[in-house]
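Multiple structures follow.
One chain, chain A, appears in both complexes that follow, with chain B as partner in the first and chain C in the second.
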Partner chain A sequence: MPIEPTIKSRPVYGTLSPQKGTEHLLIADAEGAQAILDLAKAAPEGFFSAAEIVFIPRATGDRYVAALKGLTPARFYEGPSIAAALPRLRQTLATAHVGLRVYLAGTEGLMGQAMQVALEAGIDHSSIQTEHRGSLARRVQCVHCKGITEDVTTQPVTCAHCGLTLFVRDHYSRRLAAFQGVCINAEDRSEQVPVEEAFP
Partner chain B sequence: MSSGTTKLDVTVADVVPVNELVTRFHFRPTSGGLLPTFSGGAHVVVEMREEGKAPRLNPYSLMSSPLDTTEYTISVRRDDAGRGGSLFMHNRVKPGDRMVVSYPVNLFSLDLRAKKHLMIAGGIGITPFVAQTAQLAAEGGNFELHYACRTAALFTYGDLLRERYGKRVHLYHDDRGEKIALDRLLTSQPLGTHLYVCGPAPMIDWVRGRAAALGWPTENVHFEHFSAPQPGKPFDVTLALSGKTIRVGEQQSLLEAIEAAGVDPPYLCRGGVCGQCETNVVSHDGTFLHNDHWLSDEDRASGRKIMPCVSRFEGKSLVLER
Partner chain C sequence: MGIQFRKETFRDDFSFRNSPEHIRRFPFPFHEDSYMYAVNIEPHRPGPKGSVLEHPFDVDEHYVSEMEDRALVLAEDPLRCQSLPHMTLAGWDLLELIMTSKAESYPEHFSLTRDGDNWHWINRPLNIDQTFVFGDTTTLPYGPMEYITRQAQGDYCILDQRDNNLWMDAGIVTTQADWSLDFDIGMNFFEWHAPVPLAHEMGIFQRALKFLLNVQQGQPARRLNWTMTINPRLDTSPENYHKWGPDRTTVTPENVGQKVHLRVELQTFWRLPRSNALVFPIRCYLIKMDELVTSEKWAKRLHRVIRDLPEELATYKGLTRYRPTLVEWLSKYDDGGVTSPGFGPD
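Entry: the complex of A and B
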């Protein structure tokens, strides 16, 4: 399902394409691996010998790992979770030079959090390549308690921290790498709002 | 009149020869007090008025510290082959003269999100960096300036900048064969560095070209090069909206000719950079002589746009939506 622009803050994504650069850092989760494999078809010779692939398979298990390794990147890292991969990413960027290009593919949660780290390192968001693949699950910040709920697929959703019933808005924060969740039944907390699978 | 062309009445407080080619001018507000604030990289458009001649309006970068608005200073390089703007400044302008300058406009501003600012200047292209380094130094900003000039005698403010910022300033004398090691410089910058270049067009093209080839995102590369309107063959233009046909003289720009006909088109920099004066072409039979840094290659190929501040036309007919 393509992601359509709704309001200005709602991120939209493109299609990965090889950029001119001295180094390439490709970060993907789950089906995002396929975006890297597709980019490889258009990559110039020598592209992957200056590349690092960071991959979080999530539910895809071993499905993509061999194919990604088959691109023979200079470095390949497979991590158990996004959270586990982020400190490593921070470390990589801290010593990197301009000329390093960043490519993100997969879920919005992965792209958003990796971009957040890249922005802190001084990379402009518009110079980062992105491609959405796989689940539409969202990372949501509760505006009331500020806690973040990961992999939200329903509308509304129960805040994992304070338990309020949140309406998930398209309003997105690049700084927080999260969509905004606002209490949907603030006037009458006893009101039961039907829950739908909105972000499969 | 377009926004940003609000005028300031100023008095020339001082005229200081800097070297064989460059003279510095100090402007203070005629009515006293402080001038409007500006940020490093801003320019003003200076009006040059002579009896019996159409006024000339040329952009010059402000080089004084943005922290001090008691005066604005500009440095003008004498161009003996130009249309006379710089010669007017050098030969006619004296302390005590009253002049008119525009409010400052910044088309070459620092990106203050940068972790580091890498500046490359050639010749008189140093002027915006004099203001920017003053601004950054006051904030403890991280910058490095690489400045190339033909000879030591023409190294405008080279000594001053070395004195102020020491090892952060690197000077390169062309006549001593010193050259900026550009590839090494561009491949060794920490992530989050922004690159700024101001100087002659070939230098800007060189730096931008190497930066692109070495993977610098366009968002991190900033440049400014004001074109002076070039003299050329006279040509006729029909202004479709005002119903006028005008002739653009040899020493006149298209924008100046439109203004002389009593039409008041939008403008800002008058140097082919800002995009304010972009004008639609209704029809044409001939060749455009584009001299701006604004229009895209597609715009130029379409034959539907012209920047009248610096560009000209040769051919049978040109009709503009103006």
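Entry: the complex of A and C
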């Protein structure tokens, strides 16, 4: 299911394509691997010898690992989770050279958090390529307690921190890498709102 | 004699009210019997004596109590005041703007003495006597923006101007109509307005941004915005929505007059001299329905505006639950007669 533009703060994503640059950092989770493999078909000679691939397989297990390694990037990192990969990513970006190009592919949670780290390192968001693949799951910040609930697939969702029932808005903060969650039955807590699978 | 500051609350027992003189000066936001979005921006020129537009930054009878309410909000939630690292200079700009303006408009309440960068600020209503070095943040108990806006009614957003856009990069927001500074900080003009219905399609924000990018120093601009609030609560933040939201279920035909408030924002826009940032004060005025209907014209007009408001706007402003009760109550004050043009109470 493609992501449609809705409101002006909601990110939209493109299609990865090889950019001119001296180094390339490609970060993907789950089905995002396929976006890297598709980019590789159009990549010029020598592209991957100046590239690092950061991959978090999540539920895809071994499905893409061999194919990504087969691109023979200069560095390949496979991480157990996005959170585990972030410190390494911060270090990579902090020591990056001007000619570095960044490519993000996979879930919005992966792209948002990698983008957040890149922005903190002073890289302009418009110079980062993104491509959505796989799950539509959202990262949601509870506006009430400020806690973040990861991989939200339902509307509404129960905040993992304070337990309020949150309506997941399209309003998105790049700084927080999260959509906004607002209590859906704040005016009358006895209202029961049916839970639907909205972001499969 | 100066302003008589009321001792009152905006929470718990809600003792806020307007004196008869303050009812007459309320910035009623409807110049005709219906409402739709418009780019209603005009020069912020001094208005009639005694009006909320007489001075660049209005100080009224609620000043001291509003500042106490702000301190309570900040103690509960420090994230209501944030400034990205590059915005400190703009904070000093704002401090200068407010101090010089207040001292000039209300010399009986505020004074500012400057000897180079050595400044002496006296705020008599809040019992503050502060000497500090302008530009040296270590000489104030808070950052410059927080320091001065703990002494100024209304929310303040400081917008950085770059890439032909405005960026919400600093602010203090404790009296807001349901938006979160903590969530929106760092966003551009279109992003932080993203949830507003209809106005994007109408091109309102493109035109407003174009105007705001060209606001010049010494030529501030203003507009009014409005919503409604149950109980005179200043802090209707999304952060606390689960606490104040239930108020909307408590409106009955018997308590409309005391519980339902028209909430008007006087928004002004000022270019700051050193940082070239734009400061955007959002000053909130509240009036109970019982107070508002002391003007026959306002009562009739508000009845017609609320009755005929497009459904999307009513939903966005959170009126849906009590709109029928409010319209029914206001209809008793509307004989169907003609109202005079303009904002005034007659």
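Basically, the second predicted complex is superposed on the first by the 200 of 200 C-alpha atoms of A that agree within 3 Å, B and C clash if a C-alpha of one lies under 4 Å from a C-alpha of the other, contacts with A are read in each partner's own complex, and residues count from 1 in each chain.
Going forward, contacts are C-beta pairs under 8 Å (C-beta built on N, C-alpha and C of every residue); 3 or more make two chains touch, one makes a residue touch a chain.
Note that the structure is a prediction, hence the values are computed from the model and not measured.
Enquirer: Which holds for A:101: it touches chain B only (first), chain C only (second), both, or neither?
Expert: Only chain B; A:101 stays clear of chain C.
Enquirer: Quick check for you: in the superposed arrangement, does A:141 touch first (chain B), second (chain C), both or neither?
Expert: In the superposition, A:141 contacts chain C only.
Enquirer: With both structures placed on chain A, which of the two partners, chain B or chain C, ends up touching more residues of chain A?
Expert: C
Enquirer: Is A:169 in contact with chain B, with chain C, with both, or with neither (first, second, both, neither)?
Expert: After superposition on chain A, A:169 lies in contact with chain C alone.
Enquirer: Should A:71 be classified as contacting the first partner (chain B), the second (chain C), both, or neither?
Expert: In the superposed model, A:71 contacts neither chain B nor chain C.
Enquirer: Going by the contact rule set out at the top, does A:186 touch chain B (first), chain C (second), both, or neither?
Expert: Only chain C is touched by A:186; chain B is not.
Enquirer: Is A:160 touching anything from chain B or chain C once the two structures are fitted on A? First, second, both or neither.
Expert: neither
Enquirer: Please name which positions on chain C make contact with chain A in the complex.
Expert: The touching residues are 79, 180, 182-187, 190-195, 200, 238-242, 245-246, 248-249, 321.
Enquirer: Provide the residue numbers of chain A that touch chain C in the complex, in ascending order.
Expert: 7-10, 141, 143-144, 146, 164, 169-171, 173-176, 180, 182-183, 186-189
Enquirer: Quick check on the complex: what are the chain B residues that touch chain A?
Expert: Those in contact with chain A are residues 113-115, 186-193, 195, 212-220.
Enquirer: Touching chain B in the complex: which residues of chain A?
Expert: Where chain A meets chain B, its residues are 19-23, 93, 96-101, 121-124, 126-127.
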